[in-house]
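Okay, got some structures for you below.
Here come two complexes built around chain A, the first alongside chain B, the second alongside chain C.
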Partner chain A sequence: MQTNITSTASYDLLTLSGEVDLHYSPTLRENILGSLKAGKPLLVDLAQVSYIDSSGIASLVEGFQTAKSAKLGYGLLNVSSPAMQVLTLTRLDKIFALYTSTDQFETALQA
Partner chain B sequence: MASTELSFFDSYPATSLASNGHSAQLLKHLRSRIHDFANSLDIEDTLNATLATLMRDLSTEAASVFLFSPDQSELVCHACAGPVDLRGMRIPRDQGIIGTALELRRIQIVRDVQQAPRFYQGLDQATGFTTRSLLCAPLLVQERALGAIELLNKRPTPENPQGLFSDLDVQLLDILASAAALAIRSATMAHELVRGETLRRELQLARGIQERFLPPFNAADPIVGLNQAAKNVSGDFYDYQRLPDGRYAFNLGDVSGKGMDAAILMARAHSLYHCLAKTQASPAAVLSTLNEELCEHAMRGLFVTMIGGLYDPASGEVVLANAGHLPALHRSTTGHFVRYGASGLPLGIVSGQEIMEQRFSLAGGSLYLYTDGLSEGLARVLRLPDDTANLERLINHLTPLPREQRLRQLAQEASQLDYSFDDLTVLLIEEPKHQADQARP
Partner chain C sequence: MTKTKKLLDFQFPARADQLCQVRQRLREAMGACSKSEQLVNCVLLAVGEACMNIIQHAYGKDEQGDIILEVEKHGSNVVVFRLTDFAHHKTRAQDMQSRPLDEIRPGGLGCHIINEVMDEVQLIECDSDCGNVLQMKKRLRKARH
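== the complex of A and B ==
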């Protein structure tokens, strides 16, 4: 797994690529919570994720719970097909806010 | 080579005692000390023995051993002898005379700390001890630094009224520090072995406790299960119990992640479900109650995917509720499959969610509940994308086998590449048909 964080004035964009498994999920968790605990809304780009296991999903879920309690914007961007398959199977596609562009997320933040 | 004209601050390479001459008694003494080090496997004993030996042999007021912290960023005092207790005190790894000894990999001698700008004042300031002179040796094993030994304030004698460290002191410390470093490393390795063995036993105990959660095998039951842990403890689980009205309550779950935190959550979910299933007739109601409990104490995003169900042997009716888990597979007697996918979110994420129930008749067929250790393991073996159809084909192929043998074979097929990085659990609801069904999986 590789991660890259870019900051804009209104939110952080965390881009993931490769396999997100038990080995890397602590790093993912650290990245997600790092932004949210700094008070920044977070968009996680999953377009280049080839595999995600339940520990990776747990990190995304913890981000969802943390953002919700802190009333911060949080969403997933361009979820890749393998990641979407996991979200659909578990019905977690129903709880995450899914976006197909950063513009959509920015609009949602302003709403 | 060390010079006989010692300056106030010098570095000493390794030198030979032979150049200074020595008595047979000194050699005997050294051999005895080295023998003591070689035979010590207790880190604390070793360090204390090291310091006691050095203080006595080199006649100093105080001595201390600093070893690297686990992250190597600091040096921590692990043992000391003398008027003040330094144990637990920390200094930056590159500070003071110790930092220099470690950097240069050489013994350092400071005959007057007032003349040594690199002397680190922090410890004296913190303890009230006054250092006048010191001798510091790095503890090296195969060029790897473990830490350093410091000897402080050589005691004055009539022959040495100023209490100056001598060239012989340097050479003695050089020899004893090498032996001490080996002893410390041996003791550390022995300590780690013991810790590893203790941890292994604790994990075995935890696994044993988990296995006792599994229902006792009864050949007459229409349910059999198999649970194979990837690590010592499992985040998967299954359970079933016969209710007073003759129906069977069953469930199979998978906690996100692996290891001890997943196993603890698994134990909690398992116990709650087992208890709730006795009093609540509806699997969906049990899962909803369980969800509220897990949401109340959410930990680190961990969640549980679970299927809960009821099976009535008298009517063949099955009731299922699927909270974010892989589909249950109902195989008819003719080999056709119906998949019962998630009818609610995984447990422990969002409170107040509704989980729908699904009802059907087993009709003499079989119902398979499984975790991703089975389906993903199979996909890896087949080098195909993870697809439920792979599993369905394998089940059809194995159906002539008795129930328990079939489960073992399923697990074996999914584990044949020895990818043991995921827990694997299967639960089968099927009336016993074969004589061989009497055997436990």
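== the complex of A and C ==
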């Protein structure tokens, strides 16, 4: 798994690539919670994720809950097919806010 | 009598850093069974979840040991995955049950994924004091009704 965080004026964008499993999910959790702790909305780009297991999904859920408590915007961007398969299996595709562009997320933040 | 073909017999340390290699070996083995990328991905996910359960719950933080992953093709349509561990913790059938999905919280989704993907999930009784054997079956094609 590789991660990259870029900051815009209104939100952080965390880009993930590769395989997210139990070995890497603690790093993902740190990245997500660290970013939200700074008080900015977070968009997690999953376009390049080729595999994600329930430990990776747990980190995304923890981010969702943390953002909700802090009233910060939070969403998933361009969810790859393997990642969507897991979200669908766990029915979390109905829980997360899913976006297909950063513009969509920015619009949602302003709403 | 159904013909059985062994596709994989792989022993590895029960550690998170081994999971990538397990998926690689399993993907190679599944190549002989299915050309469906979606099916193979689901199987990789479910077997990965079962390995993760062994690492986190059977061995836990205080014990180290190995896992054996065996894969067999039974006939033309059934693939059997058997995971053997040597942990002192005995896994019970109720430990393998899914949790309600309307509880939105981190964790506890592994068993749900295994039960959704696999057609049969069974803990096999073993005689020794240590260890668990989890057997999962996946039909490659669903029966037509």
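Basically, the second predicted complex is superposed on the first by the 111 of 111 C-alpha atoms of A that agree within 3 Å, B and C clash if a C-alpha of one lies under 4 Å from a C-alpha of the other, contacts with A are read in each partner's own complex, and residues count from 1 in each chain.
To be clear about the criterion, contacts are C-beta pairs under 8 Å (C-beta built on N, C-alpha and C of every residue); 3 or more make two chains touch, one makes a residue touch a chain.
Computed from a predicted model, the values in this text were never measured in an experiment.
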item: Clash or fit (per the criteria above) of chain B with chain C on chain A; value: clash
item: Touched partner set for A:19, first chain B, second chain C, both or neither; value: second
item: Contacts of A:4 with chain B and chain C, given as first, second, both or neither; value: neither
item: First, second, both or neither for A:107, with chain B first and chain C second; value: neither
item: Contacts of A:65 with chain B and chain C, given as first, second, both or neither; value: both
item: First (chain B), second (chain C), both or neither touched by A:89; value: both
item: Clash with chain C, by chain B stretch, listed 151-159, 313-321 or 421-429; value: 421-429
item: Chain C-contacting residues of chain A that also contact chain B; value: 22, 54-55, 57-59, 61-62, 64-65, 85, 89-92, 95
item: In the complex with chain A, residue positions of chain C that touch it; value: 16-17, 19-20, 23, 38, 41-42, 44-45, 48-49, 52, 55-56, 101, 104-107, 109-110, 112-113, 116-117
item: Of chain B, residues touching chain A in the complex; value: 254-258, 298, 300-303, 305, 324-327, 341-342, 344-346, 349-350, 372, 386, 421
item: Chain B-touching residues of chain A, taken from the complex the two chains share; value: 22, 25, 29, 54-55, 57-65, 85, 89-92, 94-95
item: Chain C-touching residues of chain A, taken from the complex the two chains share; value: 19, 21-23, 51, 53-55, 57-59, 61-62, 64-65, 82, 85-86, 89-92, 95
